[in-house]
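Only one structure is covered here, and it is reproduced in the block below.
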Amino acid sequence: MTTTVGHLINGEMRDDAARTQDVFNPSTGEVTKQVALASVETVEEAIAAAQAAFPAWRNTPPAKRAQVMFRFKQLLEDNADKICAMIGEEHGKIAHDAMGELQRGIENVEYACGAPELLKGEHSRNVGPGIDSWSEFQPLGVVTGITPFNFPAMVPLWMYPMAIACGNTFVLKPSERDPTSTTFIAQLLQEAGLPNGVMNVVNGDKEAVDVLLTDERVKAVSFVGSTPIAEYIYSTANAHGKRCQALGGAKNHAIVMPDADMDNAVNQLLGAAFGSSGERCMALSVAVAVGDKAADTLVAKMRAGMEPLKVGAYSNSDNDFGPVITQAHQQKVNGYIDSAEADGANIVVDGRNPQIAGFENGFFVGATLIDGVTAEMQSYQEEIFGPVLQIVRVDTMEEAMQLINDHEYGNGTCIFTRDGEAARYFSDNIQVGMVGINVPLPVPVSYHSFGGWKRSLFGDLHAYGPDSVRFYTKRKTITQRWPSSSMREGVSFAFPS
Amino acid sequence: MTTTVGHLINGEMRDDAARTQDVFNPSTGEVTKQVALASVETVEEAIAAAQAAFPAWRNTPPAKRAQVMFRFKQLLEDNADKICAMIGEEHGKIAHDAMGELQRGIENVEYACGAPELLKGEHSRNVGPGIDSWSEFQPLGVVTGITPFNFPAMVPLWMYPMAIACGNTFVLKPSERDPTSTTFIAQLLQEAGLPNGVMNVVNGDKEAVDVLLTDERVKAVSFVGSTPIAEYIYSTANAHGKRCQALGGAKNHAIVMPDADMDNAVNQLLGAAFGSSGERCMALSVAVAVGDKAADTLVAKMRAGMEPLKVGAYSNSDNDFGPVITQAHQQKVNGYIDSAEADGANIVVDGRNPQIAGFENGFFVGATLIDGVTAEMQSYQEEIFGPVLQIVRVDTMEEAMQLINDHEYGNGTCIFTRDGEAARYFSDNIQVGMVGINVPLPVPVSYHSFGGWKRSLFGDLHAYGPDSVRFYTKRKTITQRWPSSSMREGVSFAFPS
Amino acid sequence: MTTTVGHLINGEMRDDAARTQDVFNPSTGEVTKQVALASVETVEEAIAAAQAAFPAWRNTPPAKRAQVMFRFKQLLEDNADKICAMIGEEHGKIAHDAMGELQRGIENVEYACGAPELLKGEHSRNVGPGIDSWSEFQPLGVVTGITPFNFPAMVPLWMYPMAIACGNTFVLKPSERDPTSTTFIAQLLQEAGLPNGVMNVVNGDKEAVDVLLTDERVKAVSFVGSTPIAEYIYSTANAHGKRCQALGGAKNHAIVMPDADMDNAVNQLLGAAFGSSGERCMALSVAVAVGDKAADTLVAKMRAGMEPLKVGAYSNSDNDFGPVITQAHQQKVNGYIDSAEADGANIVVDGRNPQIAGFENGFFVGATLIDGVTAEMQSYQEEIFGPVLQIVRVDTMEEAMQLINDHEYGNGTCIFTRDGEAARYFSDNIQVGMVGINVPLPVPVSYHSFGGWKRSLFGDLHAYGPDSVRFYTKRKTITQRWPSSSMREGVSFAFPS
Amino acid sequence: MTTTVGHLINGEMRDDAARTQDVFNPSTGEVTKQVALASVETVEEAIAAAQAAFPAWRNTPPAKRAQVMFRFKQLLEDNADKICAMIGEEHGKIAHDAMGELQRGIENVEYACGAPELLKGEHSRNVGPGIDSWSEFQPLGVVTGITPFNFPAMVPLWMYPMAIACGNTFVLKPSERDPTSTTFIAQLLQEAGLPNGVMNVVNGDKEAVDVLLTDERVKAVSFVGSTPIAEYIYSTANAHGKRCQALGGAKNHAIVMPDADMDNAVNQLLGAAFGSSGERCMALSVAVAVGDKAADTLVAKMRAGMEPLKVGAYSNSDNDFGPVITQAHQQKVNGYIDSAEADGANIVVDGRNPQIAGFENGFFVGATLIDGVTAEMQSYQEEIFGPVLQIVRVDTMEEAMQLINDHEYGNGTCIFTRDGEAARYFSDNIQVGMVGINVPLPVPVSYHSFGGWKRSLFGDLHAYGPDSVRFYTKRKTITQRWPSSSMREGVSFAFPS
């Protein structure tokens, strides 16, 4: 008899018995829980709770709202091990990786603690004679987040801490693959002193999503997922009068220049390509080596570096990375390796079908290195989202940059070099939103903002950081003039006797 | 034989002979010119010119780009009278009003002169040990503006000066009703030293618009017009991967409190309701009087204040306001007055069918005051866009605010009061983007941003001011680490002998 | 046998046996402790510790430094009652007042948690072709604070949390009157995980102060105290090459307009004039009533409001306020009341020599109201720093404002009115740094900055808030160009074969 | 009979016959004009004019004040050749150099055009329930600038355009060596539409300076000159209750790394060391070569690069640089070369006593290169302010940085390298305010701020750019609460019948 992960609505955990879905432990391949799939009515109830909580929360001073975030940070730190275990069991990532994810999430809570500073408007004295004008950034109302399986703790924390600190109320629809940690973390926020109804979680599938996208009480939607879904979310939300930011897929390239500190580059690439089984939208999945000499060195050192890598169950902290999320996804990743092979690429290290003793039914794919990849191959054009690093060989840096600029995605990219000029030229001209100089996962820190270009992000404003304050508020501009001076000038004759 | 207003493409004036449309002088009702209607090919040519000009313009330092704006301001001031005459002839507004419009437009050029300051990114030293991170706001590429007849000089100047100062190139599609001043002003920008192709103007109709909304080379669309068109523009542009801000209609209410300085309020309302024949998206079209005493005083003083108002041809500077834009629009405005009357409202001052000697065929509507309007009337629910002020009587300020918050539009609003508390409560709780305290047309100054709420604006970011910098640029975040210290530490043994 | 309050140097509590001074319980008049008075050598040791700790702390990423502040906030909240008891015993303020002080101090710690955001510099791409420029705000090194008796918890917390979050190391010299809570709080910061030597406390007198002002390793001095000492601190520190901000005395006026909500005004004035025995640099010590009618009402209502006020020992939470700090100060305050009486003012409520049962030797002064005060009186010109509110009667608002603008101090001020115009005129034209509209103690919140004008503050930058970030850092501007593209362009022929 | 350069006071040119001083043409050694030396009374008259103009100018909206700056920019560009000739005749710099100076000055005027944006304060809604708070940056009153001979156009333009745009009124005391261009430029500002008295110029010497430093109507002093005078100015101004920023001397080092693009480095050094005869506070006067190989290459290439350099009269545009400012200064510069020679340094290229045909009495010093300089030499320790580049040879980059960090000045510095890591380490750890990476004169652009560290600047805030807005304004923080809702809530029963 498995437990069922329910919904958090108006401060209480609810169940929605009608429909449920299996939750797997991808390390064993077994079903460990059920997740309730919210009905239309349940989602509407959550929206109603958020709507009801809005007026009082909006009028709570930002500094008071921030106090909840200070306590939330504390609770997240106190419960870190428990959360990481929840993540590991349902997602498969190893404890050290889950802790890294959680830490990044907590940093977003810390940033939300600064809401009083971040919500400041601009004040102008004398925009005209005796006329003042200023701007205020007011909350939107009920806002919602729809989040992916790969960061069940972090990606939701990109969204609701700042949304709530700005005075909004929230309905979160987490991934149905690994809902436990996400739901638990929301309960910690409740425990931190948030009034009922400000934060709500509905677990579910497309039925729930479509309510969030169309209900007119919802004012904004933040989404992270694949590009086709992101496009659907963006156009549907916009068509229903909501503001929307929808983050999609990626194909992140690293250029390896001949002058790079090659040991460092390889060291960085190992983590960036295979960490979390490559199931990160910032995973580095393509290395573009400039010149055959650099390429040959890179391949040799990568092969050596990959040898000690261990794939295995989340429960063993010595493992470097765990399984992928589902059996279907495992087969899809293997399929991309097959296709590269069929297209003539060279499978230098082959991670297909690894044997993990004691976890024979887990959804594992081993670290894979493919050389001789070209732009025409399907494995190059699409996002694999697995522990697969592909090497493309080019003759010049311009060629490498052209490759990146021609790709439909523009999430992250990196260059490995020692040369200041190459780094500057690259960062200036590359058509990608997040750029690393010798930093393979250039995820912006919490006080900057996260967002790709091209088909990696739909919307004007990036996720978390300063942009999120703008996304979760609307500008109001007040212009003020006091025409009558009767009280000020009149008192001399009016009152004294 | 009338002249034809053509297109400005790649620095040259072009004609597009295939299709043209009449341009009227609304003061006389006569056709005075033809405007060329761009074909798909012409628009694509303009886009291609903008595309070709982008790389060099993007790489021109912001401070150099700003120099063009400094010269543009100078040229606009030097040619002000000429521009105002062009506006008057085709739009109908009186010289003093045209000058006000132009002046507001010039202020946006002045703000664009500050591009080097406004484009600053955020730099963080040590986001981690030895790691720095910073943001850059890079131009989008080819961006476009689609603008309405009512401010042929100002609204385009809300858009392209900042877009261009940020490093973008531009294609403008002005209103086909009054294209002359808009096109001339663009030529002045060219004269100010802008490289060919950075600024382009295509005159036209929906055929041209649809190219701008769908061509994949266009990266962003700014639109100002009516709400139904704004929705179409917004959804179409978004569906084609462009960022978009689309400003729509309005129904701007003023609350007149019992303690208001009533002479001042009336004085302000006269200009705000009837100026430019009410053809402004910030025109004050509803006055909500709180208490019958305030209402009676307001109506009496308004009636008296309206008596000397003169409607007439643009060419006479003594006139207070001119004709509306077309005969069809004249009939539409009259129709709204008819409907109010039929619905039981009281036509206090009736501006239907004024007789203007010597301009019997002009599209005139006189200043109209209607009392006893209620929320159910069609004349209350829809935007009239004519010189008509409607009075709604309520008993309490809460009732007045509820009325405003229930209306589908949320562009501008105003309260007339002497009371600090009333003003603060109003500005905090009213669901409108631009709020005036004793300021009837709370159009933000150029260094703040313009935008309504609810169905008055589609998009996240407001027009002009700080928001426009964000709209016309995309954020790039760079994270940098220099792992190898070989040059720095190696030199001691490597070079000295 | 009393305990001795020692110094916190390099993470350890130290004693400096040579010289000590009595610490009193002002509620009983008894000596309860000794405070060690640091010798020159002890202070130099503290500076040396701070100097040694600087390089590593400077290089600690701001986000890591902020973690210490998050924990510090937690510890302050956990120890709040203990701290308030320490404050009460040595300063005399009642628990609710001590808690208010501590809360304000904690808010400064919260603001310092935002250091990563606040330390952002400005980045400009392409200040010239291929040239970038940015600013960094780097810490100064060893900085110091010298703080007064009246806020032993709050005023130090204005200074060192931000100074330390910015990467500086700190030496604090608290008031020798009530050093216990200040020293204890510093130990909590140590407990929060601060490396040894980053925060140091030296208790002492002028001997210690003079070392801090002249030692060349000290880079900046923050001071709060009386104006004559502030001037000495400012000129001495400047002459020794340090940056300095020195906050001095005050004489804060409230204008009471005839239209004020009088019950609210009186309610506010009671707390603002008598809270903490008036020993606050923001205490409201003068009420300027505009018109005799307002004045008469004000005096009558104040008299009634003062009746239930209870002065007494800190240990009874029912008391409204406690003793003043020393017997000498008690006599000084009484002397000002005597002088006002001698000068012809009307002592409406006389707080001299109250009898407090069981605390006959405490340094008490009761709440005192004086009417008919004029600008020539000594009691008007000087800061009393006691529970004394003086009423000045004027005929017009202009007269009231002139009075304020003519006073040598310009710390805080307030107007009580309902009228928006009067409030705006007042706030615009009054020569005072912190202005309240119906807010009698307009102490800026922690995310704005605190500072008076005229002889109330010496220095360019205000205390805490955004200004403190600038005060505790120095701007460095970097301009960068990478002239050679040999690595980038050279690789095509250099490496491929 | 020579002309006399007088004073600009209250919009009119005045003379002060009592005392005058010779103005030389340093290219010929001849006296060409007299400059009036203001008496105490004259300076007080200027201050009084500024004081009288302040209230109206302060109340002029910033956007209107900015209009004067837009016109001023235009007039400066229209009169550029005339101004450069004035500069050349009295200062000696060649037209291309004078034009560069003027251009930099104009950029400061452009920045001041952005005053409406730059003066924005911070607005916070709900700092407590129903309480708002915001900051305003208000002008100081009469402020003053005291400027050096070496940039008679640019340095004054660092100061008064922003000071005036912020709402202050100004009294400028230019250098008495070359007052003509400075005074003329101030007249252009008057011509641009500035009200009388807002800008005043007094020519003079220490008598005038001391009035400006002590008159209590003066609120702030900006100074640029030598360090001993800067210290005097700073301490005197502070002692008289003024805020002050005083910029002093410099000794700017370039580190030349072994990997530098050496041709580019030499090219840059030629201009940075000898341009304007080295009479710039940002002149590069020391090159620190890392490793003998780099040093030998540098010396050889510098020697070759210096060969074609032409020193001569300002009137010949083919010259590279002109004379130094006075005969006394010529002798002082020569004396430093003598002392280096006597101390054992190697005079590689000797510029002492060049023969300039036709200008035998001009104050010329030729470009001089000295190798083998060490830290003990007087020529290394002091600022030469002449066309002299000294080479110091070190073994490591750390040694080079230590040299710079040990010097008493910290104005500008530069590194020549291709290596990203070396550049980052240098810019992070060097104790200098303005840092160049391959940029030898890292003068910040007008929208950043200018300032050195250590004994190169006294004060908290740097010159021009964002810091100047803070320097020329004082923060006022307003906290507002409207306690009574009688107007808002009361109207329902009070008015309707």
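When the chains are written out, they are named A, B, C and D in that same order, and each has its own residue count from 1.
Following the convention adopted for this analysis, contacts are C-beta pairs under 8 Å (C-beta built on N, C-alpha and C of every residue); 3 or more make two chains touch, one makes a residue touch a chain.
According to UniProt, the chain labels map to these proteins: A, B, C, D = methylmalonate-semialdehyde dehydrogenase (CoA acylating).
Treat the numbers as computed from the prediction; the structure is a model and nothing was measured.
> Determine which of the two chain pairs, A-D or A-C, is joined by the larger number of C-beta pairs in contact.
Result: the pair with more contacts is A-C.
> Would you mind checking which chain's C-alpha centre is most distant from the centre of subunit C?
With centres defined by C-alpha atoms, farthest from subunit C sits B.
> Using mean CA coordinates as chain centres, what's the gap between subunit C and subunit D in Å?
Averaging C-alpha atoms per chain gives centres 36 Å apart.
> Between subunit A and subunit C, what is the separation of their C-alpha centroids in Å?
Distance between chain centres, rounded to whole Å: 42 Å.
> Provide the C-alpha centroid distance between subunit A and subunit D, rounded to the nearest whole angstrom.
Each chain reduced to its C-alpha mean, subunit A and subunit D end up 48 Å apart.
> Which residues does subunit D have that touch at least 2 chains other than itself?
Residues 63, 116, 120, 122, 124-125, 127-128, 135, 417-421, 423, 437, 445, 447, 480, 482-484, 486-487 of subunit D touch two or more partner chains.
> Sort out for me which residues of subunit D touch subunit C in the complex.
Subunit D residues touching subunit C: 122, 124, 127-128, 131, 133, 135, 234-235, 238-239, 241, 243, 261, 264, 418, 423, 427, 432-439, 442-445, 447-451, 453, 455, 458-462, 466-467, 470-471, 474-484, 486-487.
> Taking the touch rule as given, give the residues of subunit A at its contact with subunit D in the complex, in rising order.
59-63, 116, 119-129, 134-136, 138, 417-421, 423, 437
> Show me the residue ranges of subunit C that touch subunit A in the complex, using the header's touch definition.
Contact set of subunit C toward subunit A: 63, 66, 70, 73-74, 107, 110-111, 113-114, 116-118, 120, 125, 130, 132, 257-259, 290-294, 395-397, 417-425, 428, 445-447, 480, 482-489, 491-492, 494-497.
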